[in-house]
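Order of writing sets the chain letters: A, B and C. Residues in each chain are counted from 1.
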Amino acid sequence: MLDKALDILGWLVVLFILGPLIVIIGGSFTETPYVAFPPAGFTLRWYEQLLHRGDFLQSFLISIVLAVLCSLCAMALGVAAVIGLHRHGVTGQRLFRAFLMSPLVLPTIVTGVALLQFYYLIDMDAPLTGLLIGHILITIPYVCRTVGAGLVGLDPALEEAAGSLGAGGLRILFRVTLPAIAPSIMAAMIFVFITSFDQATVSIFLAGPDVMPLPVRIYTYIDFAVDPMVAAVSTLLIIFAFGLIALLQKVLGLDRAMGTGV
Amino acid sequence: MNTQMPRRAALALYLGPVTLFYLVFLVAPYAMVLRLSVFRFSAMQLYIPQFTLANYTAVLTDPFYLALMARTIGLGVLVTVISLLLGYPLALKIARAGPRLKSLLIAITLSPLLINLLVRTYAWLVLLGDTGVVNKWLQALGLTTAPLPLGGNMFAVVVGLVHVSLPLMALSLIGVLERIDAALVDAADSLGASRARILRKIILPLSLPGIGAGSLLVFTFTISAFITPSLLGGNRVSTISTVIYEKFTFSANWPVGATLVMALLVINAAVIALHGRLFREA
Amino acid sequence: MLLRLPTMRAPETTSTTQPSLAVAGIQLQYGGVAALQGIDLEVASGEFVALLGPSGCGKTSLLRTIAGFVHPQQGAVRLNGRDVAGLAPRHRNIGIVFQSYALFPHMSVLQNVLFGLECRGIPKSAATQRARDAIGLVGLSAFADRRPKQLSGGQQQRVALARAIVIEPDLLLLDEPLGALDKQLRVQMQTELKALQRRLGVTALFVTHDQEEAMSMADRIVVMRDGKIAQIDTPESLFAAPNSAWVCEFVGAGNLLRGDAASILPGAPPGSVVQVPFDKLRVSPAANGMPITGRRFLGAMVELQMATPGGIVCAHLSPAAASAFTIGTHVHLHADPADCRVLPH
C-alpha cells in the first residue's frame, strides 16, 4: 500500500519534471500565436521567424564564444590549482580548497552585483571581458571538484613508478598525470561549457546592450512577450543540452559526471 | 615527488594565477560591496564615501525590509519542504529501481540541470499564465469558467523554484539512499517491521544526512534565486534578490542594495552554520 | 517476562513429530538462471542443521527463500506444518543473523534488540526487560547503550544473535555468522553459539563453507552443490560414508584412490573410486614403490604425501611410526579392505 502510493507519487514527480519541457517542445510547432498544447496544427513558422532575428543569432554566437573562452581559462586556472595541491601539499590545504570552492557557495546574484560595482569603480568598460571574468569565476569550482575527484582516484603508484623510471616532474605531468585524468578533464570542460552557456544571473548584471548573451536576450524578451518563438529557441536549446548530455554520458557516465551524492 | 624546481617556485606557478584571479575579482569586489554598505546614499552620484550605519538601520528596522527578509526565508523554507516531499519518493524509486530503469530515471531527474534555466522558467510562464496551457485545459474540461490566477504570483514562483530545486534535492537523497545496506531492510523485515515502520525507523533516519545536504542546497539556492521569482512573480513578488537587482539598476540605491547583499550573505552563512551544527557527526 | 526457559530439548530425529521446517521441491531462478534446483529438506524441532557447500552453490538463496525474501518458482516451504507461501518475511517469525550482521547503525545495542519486540507491540517495560535478558545472555550487558560502530566484530556478532533470538523465533537462520571473525574468536563463538542454541532449544539452520565448523557444531549437515543437495547426514556418517567422490573430497573424509591405485582393494570394480581414510592407509618401505613427496607434522599425527598416478594421497601415522620415513623414501601402499569403501561414481 505505502510502497504503491510512494511509487505513484514518484511517477507523478517524474511527470512534473518532464511535463513543462514536453509542453514547450510540442508548443513550438503550434499555428496559434500563443503556445498551445497539444499544438494546434503544425508549422515551422516560429523556427523560420527565429532565422530572421539577427539579435538572437548574435546573442547565440556571443554565448558560444563566451563559453569556449570560459572553458579554456577556467580549465587552465583550475587544473593548475588542483595539480599544484595534489603534488605539493600546502599547509592549510583544506582552507585553500574551501577558498577555491567559495564562488559555488556564494550566491551568484551577489557575485554579479559585486563585479558590477567593481567594474564601475575601476572604470572598466569592456562588457565581453567583464562577462568572461564573471563566468570564469563561477566555473572554476566545478573544474576543481571534477578534476580534483579524478586526481583522488588516481593511483599514486603510477606517478611514483614514472618517477622511479627517471621521468622528471614535467614529463610525469604531461605523460602520466594529465592523460590519466583526461576523462575528468573532458567532463569538467563540458560541464563548464554548459554552465557558462546557461549562465543568466551574473550575466544580467554585466551584459551591455551590444553584448548580450543568449540567456539575457531571452530574459529581456520574455519579460514582455510569451510567444511560440521562444518555445522554438527553447526547443533548440533542449536539443543542444541533450547532445551535451549524451557527450557527457559517453565521456564519463552521467551519474558519475554529476557527482551523485555531491 | 622529486621535481627539479624548488617547491616554493613550483607552488607559486601552480597556485599563483588562480589566487591572484580570486583576489582581484572575488575578494576585492566583495570587499567593495561591504564598503559600499556603510556609505551614504546620494541620488546624484550613487553614493558619498562617508561612513554611516544608516543603511543597516534602515534594513533592520524598516517594516518593508523586515517583511522582505521574512518572505524570502519563508519562501526558502516552503520550497525546501515541498522539494523534500516530492524528491523523497522519486529518490526512493530511483534507489530501488533495476539498473536500466535507474539510469533512465537518473537521466530524467538530472536533465533539467543541463537545460537552460530560462527555458525552464519560460515553460512555467507558458503553463501558468491567465491564457496559459493549464488554464486552457481546466476550462476545456469545464473545471473552471474564469481563468485561475496561477501566474504572476507567489504560487507560480514556488512552482518554478520547486521545479528547479527538485534535481538538487533528489541528487542528494539518491546518494544516501543507495548507500543504505539492503540487509538492514531485510533484517527489519524479518524482525516483523511493516513497510511504514521500515521507512520511518530505518530508511528515514539513515537518510538524514542526505536530507540535510539537499535541504541546505535547496534553501540557499532558493533564497538567492533571481531569474525565477523575477519572471514568474510578474513584478508582484519581491524577494531579497529581486530588490537587490532593483537597487543596483533602476532605483540606483547602491548602498542599500549592498546592505541587502550583506543580509543575504549573513542568512546564507547562518544556515550553513546551522547545518554544520546539526550534522556534525557526518 | 523471561526468555523461554532453557529446556535442553534433545534433537528429535524420529519422524513421528512434525518437522519444524519442511522444504519441498524448491526451484529458484534469478532471471532465468537457476540457483536452486529441487531442494527437499526437513529440520526437526530443536535441531541444529548446517548448510555446507562451496561458494555460489545456493546456500544464501535457500535461506532467503525460507525467510521469504525471494519467491521460488516451484516448491513449498512449511513452518511447523503451515505453508508460508505468500506470507511476508515479517509474518514468518524467523530470526535471522546476517553475515554482515545488518545491525541498525543509528540505534544502540538495546534499541537494536528492542526493535523486533516493538514491532510485535509488546509493552515498553516488558520489552525492555526481555531485551536486557537477551543482551545478558550473550554477555553484553555492559554495552547496552553503545552504538554498533563502537563494538568489536565479535561483540557485533553477539548483538545480531541477541536481536534474532529475543523475538523467540520458530526458526533461526544464520548466514555465515562467524565468517567475518578471526580464527580464534571463531572457535570460541562456535562453542558459545552451539551452547546457546541448545539452551534455548531453538531450531537452527546455519550456513557455512567451513567443513570443520559444520562438523563441530551441527546435528546434521546438508552438503549442497550447484543448487542441489548432495548429501544430508550426521557429521559422523558424512565423514564415514560420503555418498560420492565429490562429497568425500569436499568434506575431507579420506583419500580417493582412482584407477591403478584402487587395485589395493581386491575386488573393486574397474574404474571405481575408493575411499580410504587417511589414518587407515598403510605404508611400507619398498625400493620399487613410489616416493614420498611431502611430510607434514600435524601435532598428534604425521602426514606423509605420495604422488600416485591418480593424484596425491596422504597417510596419517603416529610420530613414532613415521620416523622411519623421510621425503624420498620409496614405499608401497596398502589398506585393509574392511577400511575401504567403493564410492558410487
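Please note the rule applied: contacts are C-beta pairs under 8 Å (C-beta built on N, C-alpha and C of every residue); 3 or more make two chains touch, one makes a residue touch a chain.
Since we're looking at a predicted model, the values are computed, not measured.
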What topology does the chain contact graph adopt: line, ring, star, complete, or other? line
Highest contact count belongs to chain pair A-B
So what's the Cα centroid distance for chain B and chain C, whole Å? 56
Could you tell me the distance, in whole angstrom, between the mean C-alpha positions of chain A and chain B? 17
Mind pulling the residue numbers of chain C that touch at least two other chains? none
Residue numbers of chain B touching chain C in their complex, please. 181, 183-184, 186-194, 197, 201-202, 205-206
Using the touch definition up top, name the residues of chain C that touch chain B in the complex. 67, 69, 88-96, 98, 100, 102-106, 115-116, 119-120, 163, 167
Once bound in the complex, which stretches of chain B touch chain A? 1-5, 7, 10-11, 13-15, 17-18, 21-22, 25-26, 28-30, 32-33, 36, 86-87, 89-90, 92-94, 103, 105-127, 129, 131-133, 136, 163, 166-167, 171-172, 174-176, 178-179, 195-196, 199, 210, 213, 217, 220, 223-224, 226-227, 231, 241, 244-245, 248, 254, 257-258, 261, 264-265, 268, 272
Chain B-touching residues of chain A, taken from the complex the two chains share: 1-3, 6-7, 9-11, 13-14, 16-18, 20-21, 23-24, 27, 34-37, 76-78, 80-81, 83-85, 87-88, 90, 96, 99-100, 102-103, 105-111, 113-118, 121, 133, 136-137, 140, 159, 163, 168-169, 172, 194, 197-198, 200-201, 204-205, 215, 218-219, 222-223, 226, 230-231, 233-234, 237-238, 241-242, 244-245, 248-249, 254-255, 258, 260-262
